[in-house]
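These are the structures in question, set out in turn.
Shared between the two complexes below is chain A, which has chain B as its partner in the first and chain C in the second.
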Partner chain A sequence: MWVIQAKGLKAFYILHILGHTKIVKAVNEVDLEVLENEIYGIAGESGCGKSTLLKALLGVTIAPLRLISGQVLYRKDGEELDVYALKPEELRKLRWTFIAYVPQGSMSVLNPVRRLSRTLEDFLASHEGLKGRRQLMARAKDYFHELGLPPKILKAYPHQLSGGMRQRVTIALATLLAPKILIADEPTTALDVVVQRGVLQMLTDIHRKLANTLVLVTHDMGVHANVSRRLGIMYAGKLVEEGEVSELFTAPLHPYTRFLIKSLPKLGDKGSREGVPGMPPSLSELPSGCAFHPRCPLALPICREKEPLLSKEKPGHRVRCWLYLREGP
Partner chain B sequence: MKKVVELQNVTKIYSVGGGLARAKIIAVDNVSFHLNLGEIFGLAGESGCGKTTTARIILGFEKPTSGTVVVYGLSPTRSGVQARFGPGGIQAVFQNPFETFNPLRLVEAYFFETVKNYRLAQTKRQAAELIEDALQAVGLSYAEVAERYPSEFSGGQLQRIAIARALLTKPRLLIADEPVSMVDASLRISIVNLFRKLRDELGMAILYITHDLATAYYICDRIALMFRGNLVEMGEVSRVLGSPRHPYTRLLTESIPKADPTRKWTGRIALLETEEEEYRRKGCKFAGRCPTVMEECKYSVPPDSLVDGVLVKCFLYQREGEKIVPKGGDIREQLA
Partner chain C sequence: MRFFKEYLLPRFLQFLLVTFLGINAAFFIPRFFSSDPILETISTIRSHGTYLDPGSVEKIISDLKQLYGLEGTLGQQYLAFWRRLFRGDLGLSFFQFPEPVVRLIGRALPWTLGLLLPSTLLSWALGLLIGGVGGCYPERRWVKVLDVISMLVRPLPYYIFAFALLIVFAYVIPWFPLGGGLSIGRQPEFSLQFIREVLHYAFLPFASLTILGTAVMYQMSKLIVQSLRTEDFVQYAQLGGVKGRIIVFKYLVRNAMLPLFTNLVLSLGQVFGGAMITEIVFSYPGLGMLLYNAVVQADYNLILGITTISIVAVTTGIFLADLVYPLLDPRVRYQ
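This part shows the complex of A and B:
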């Protein structure tokens, strides 16, 4: 059963520069369902619209980002909520109790001139009011302890902690109110492998403990192979392939996905590897037809003219590519 | 093989805090290694292990507290920094290509400036030829770069432009400090392939500093692993990363997320609290997280031993007569 559903979601940045209007098509007709209690991964190059998709899913479209069309639904206690029809106050109440977000670069979100305990108190006061704060503070300490964060760090200032520790603290903060959905945007990108593993270990611990849904965005395919259960590949604002991780890695369908997986160097293999040829397209000047066709070695004449649809190739495996559309244009 | 640079017992000590809380941090602790012409030497380890400090010492940005750095084959007519960075000397590329370039300056200005500073050409036409050659070497051309600003390029392209600029002075050693960590995974491989090409075609030496062991394995000839200022393991890359001897190397290689859903991580890892605590350890700095820690590791610094041609700094290996054997059987069995 899905907990987040996006239908024909389109969110563009509309910029007015010196009398010209520039439209950046960051999220372009995305249809997806995130299921209950799963880890859903989203992968793609920088600038492909991953972070904007998350914003759109969270219902945070602040100018110049605008929702053009489409719908985002949450399922909360068996009830379907249309995110863009909710009042701001209702949406605010959902945040951190139903859906929480760990933004990119969240290591730097902590106030540098306050001890962590103060940040934590502020956070609790704004969500639970001043009355319940004391009690919750004690619960928060227990929660930190359970996650393996030493209680003494609450007395520390952010700069006294390493990047990995700060990242773990922000994840702990985001999950303090036991949200049903946690969205993490590149939570381990600036970290090295051992610390990365520690942070992912903590994310999966929380996922198991709260039995919630985790949406994990990263361009690191190795992380997806280890952590995610289903994976969506984004290219130029669109979902180009989606399926179970085990299937995507063994039998990728889209030429772009194949490149992503083939180009990864492995320990113990010095054989020469090639990256994706060419450069990612600009989201404000997309190529005609399939946006990947200028870089695609298998491009057909039709790829230049018409855009393929996201088709269901096998049960649970969708792909947006002319190579697989049997019915033809 | 011709050495390009050699570090002899280099130590760098920083003091942190003031007054009574003053403490010393040994950022680089008695490190010795050398680089040969025509090889890619990897220097790997997690953030805060001293790899960037080591690079800065080689570049002359920091003075070592003790020990010496010998740079071979410098022009005798120049001295100091001029000699180090002069034609045929050392060049560097850094981690974040977006910070390397001034956003308000044309990219080509950096090229003309380098040509001018080093007096590499007499005429503008000669300069343009040199620049074209350097850009061709990284798979770009002057036409693609001319009259454009840094914001018009992707991270991967900018990193290549930074490398092309470094090539203008025909360096014998290129220091690349985390050159791919800010570049997308799909474009990373094209940058590392470029380093391979520079080594094979121009015979350059490259010091590849990284925490990404998968790309290090892919391009390096030899590798050294650093942990909290110490060189813990050094040798041929396939030996070091193929069958790691030091428990820290083992932890690192195991923690690389493999792009294979059938081989996920197993087991849990212990995490450090603060870097400072580890730097202050008396014995082996890894003792706090080591799965095979012994009593002596906590109090005394392990010696360097040579096992199968690989330098290892660990008590698990001890000298018995002339041969070095792992203590209490094979370490790989102990760690498994």
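This part shows the complex of A and C:
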């Protein structure tokens, strides 16, 4: 059963530079379903639109980002909610209680002049009212303890914490109200390896304890191999392949996915790793046909002319590539 | 301890150094001017048609030298100046002889402080708050109205604005007195009526300073808040469903205070120089008026006294601000 569903989702950055308009097609016709109690990974090179997709899924389209078309649905207590049709106050109430978010670069997301306990209080009080303030704080303390975070850091200011600690605090802050869905954007990027492992452990622990859904975005395929259950591969604003992680890593279909997997370091592998050849395209001037064709070693003549559809190749495995889809749309 | 050594001590030394250099400048600069205050005074007396015989000229010169602290070599004058300064003696005013400069300043200071401290603080706080809320909701009607008002008021030269207020509210509609701090002959006393009169006389100068000051602060605060709104921690709190009121005050206005705090400190320091134009336009008996008269009458001791007080006030203000700032911004505490 899905908890988030995106249908034909398009969200573009519309920029006005020196009198002319530039359109960055960061999320371009994305269809996906995230299931209850799963870890859904999203991968792809930096700049392909992962963070923007998350914002669109959260219903946060602040200028210059604009929702062009499509729908995002949440399923809450058996009821389907159309995110972009909700009133701002209704959406505000869903945040943190139903769906929470750990943003990319969470180093700068905490108010620099407020103690952590106060920031926590701001979020708690805004959702649960100010009444049981003491109780709320006691709960926060317990929760920190449960997660293995020293409760005394509640008294600290953000700048007094290390990068890894700040990331953990942000995750704790996001999950304080036991949301049904947690969305984490590059939670391990910019941390050193040992700290990365701790942060991932914390995320999966919380996922298990809350029995909720985790949407995990990272360009690091190694993380997906270890943590995610299903994986969507994004390229130039589109989903190009999606399937179970076990299947994607053993039998990838899209040439781009194959490159991503080949670029992973393997145990005992001393040779240099191959990256994806070429450069990702500009999202404001996409190549014709399949956006990947200029970099694709297997490109067919049709790839240059027509865009392939995302087709179901096997049950639970979709791919957007002419190699598998002979008939045009 | 680390706070003391790494934060407090360097700032204190800097405070002492800047104060010392400033006072030195105030001492030396007039001495490098070619104009000689003594000869000027004598020629002023002569120009009134008074006949001075050579003997009395000698006498006047030596009296004046003593009066201005101009006896002996430059080194001796310099030492004597500092010695007197530490005793709190700024010499005698020449044109209100034999009033000590300290007493003249002491008489003018309450007027200036009473006028400028409240108006500086009020316009800072008011501008910060209104500008902060305006920066959060730039689309609201009242914000747009305030934008237009502040855009009209701000570029006005202050003296024109002050004059306009005076003409409209003291002359055309005589709600307020045309000038002064009190009605003539009124003696200070502790009574409700006296306080009401002081407030009545202070209202127009106070309003002129506060309106213009608030307009300036409003624009600055609004700009800062608008750029703060795109900061990660603000957008994140918004996304996390934190209530609007908390975001406006605890996230936006609170952080906008940091860059604007410096403004407050500098204008508080300037309070001690008096608001010369305000005091002239409204004939207000404060430090600015005193300084103006001192300059017009070439009362060198008085000028030096007011300058010294202002220098000490500004540097002390900045030093105190450095002490308070870590309370506002926890990030500077251990730098």
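Criterion: the second predicted complex is superposed on the first by the 322 of 329 C-alpha atoms of A that agree within 3 Å, B and C clash if a C-alpha of one lies under 4 Å from a C-alpha of the other, contacts with A are read in each partner's own complex, and residues count from 1 in each chain.
The criterion applied here is as follows: a contact is a pair of C-beta atoms (placed from the backbone, for glycine too) under 8 Å apart; a residue touches a chain by one contact, two chains touch by 3 or more.
Only a predicted model underlies this, so the values are computations on that prediction, with no experimental measurement involved.
A.B. asks: With the two complexes superposed on chain A, say which partner A:G163 touches: chain B (first), chain C (second), both, or neither.
C.D. replies: first
A.B. asks: Looking at A:V60 after the superposition, I want to know if it touches chain B, chain C, both of them or none. Which is it: first, second, both, neither?
C.D. replies: second
A.B. asks: When both complexes are superposed, which of chain B and chain C contacts more residues belonging to chain A?
C.D. replies: After superposition, B is the partner touching more of chain A.
A.B. asks: Applying the touch criterion given at the start, work out whether A:D77 contacts chain B, chain C, both or neither, answering first, second, both or neither.
C.D. replies: In the superposed model, A:D77 contacts neither chain B nor chain C.
A.B. asks: Have a look at where A:G105 lands relative to chain B and chain C in the superposition and call it first, second, both or neither.
C.D. replies: Only chain C is touched by A:G105; chain B is not.
A.B. asks: Mind listing the chain C positions that touch chain A in their complex?
C.D. replies: It is residues 231-233, 235-237, 239-243, 246, 250-251, 254-255, 258, 328-331 of chain C that touch chain A.
A.B. asks: Hey, which residues of chain B end up touching chain A in the complex?
C.D. replies: 46-48, 154-157, 181, 184-190, 192-193, 211-215, 217-218, 238, 241-242, 251-253, 255-262, 264-265, 268-269, 271-275
A.B. asks: Help me check something: in the complex, which residues belonging to chain A touch chain B?
C.D. replies: It comes out as residues 45-47, 148, 150, 153, 160-165, 190-198, 200-201, 219-223, 225-226, 245-246, 249-250, 259-261, 263-270, 272-276, 279-280.
A.B. asks: Across the complex, what residues on chain A touch chain C?
C.D. replies: 58, 60, 62, 92-96, 100-101, 103, 105, 108-114, 118, 122-123, 125-127, 157, 159, 173-174
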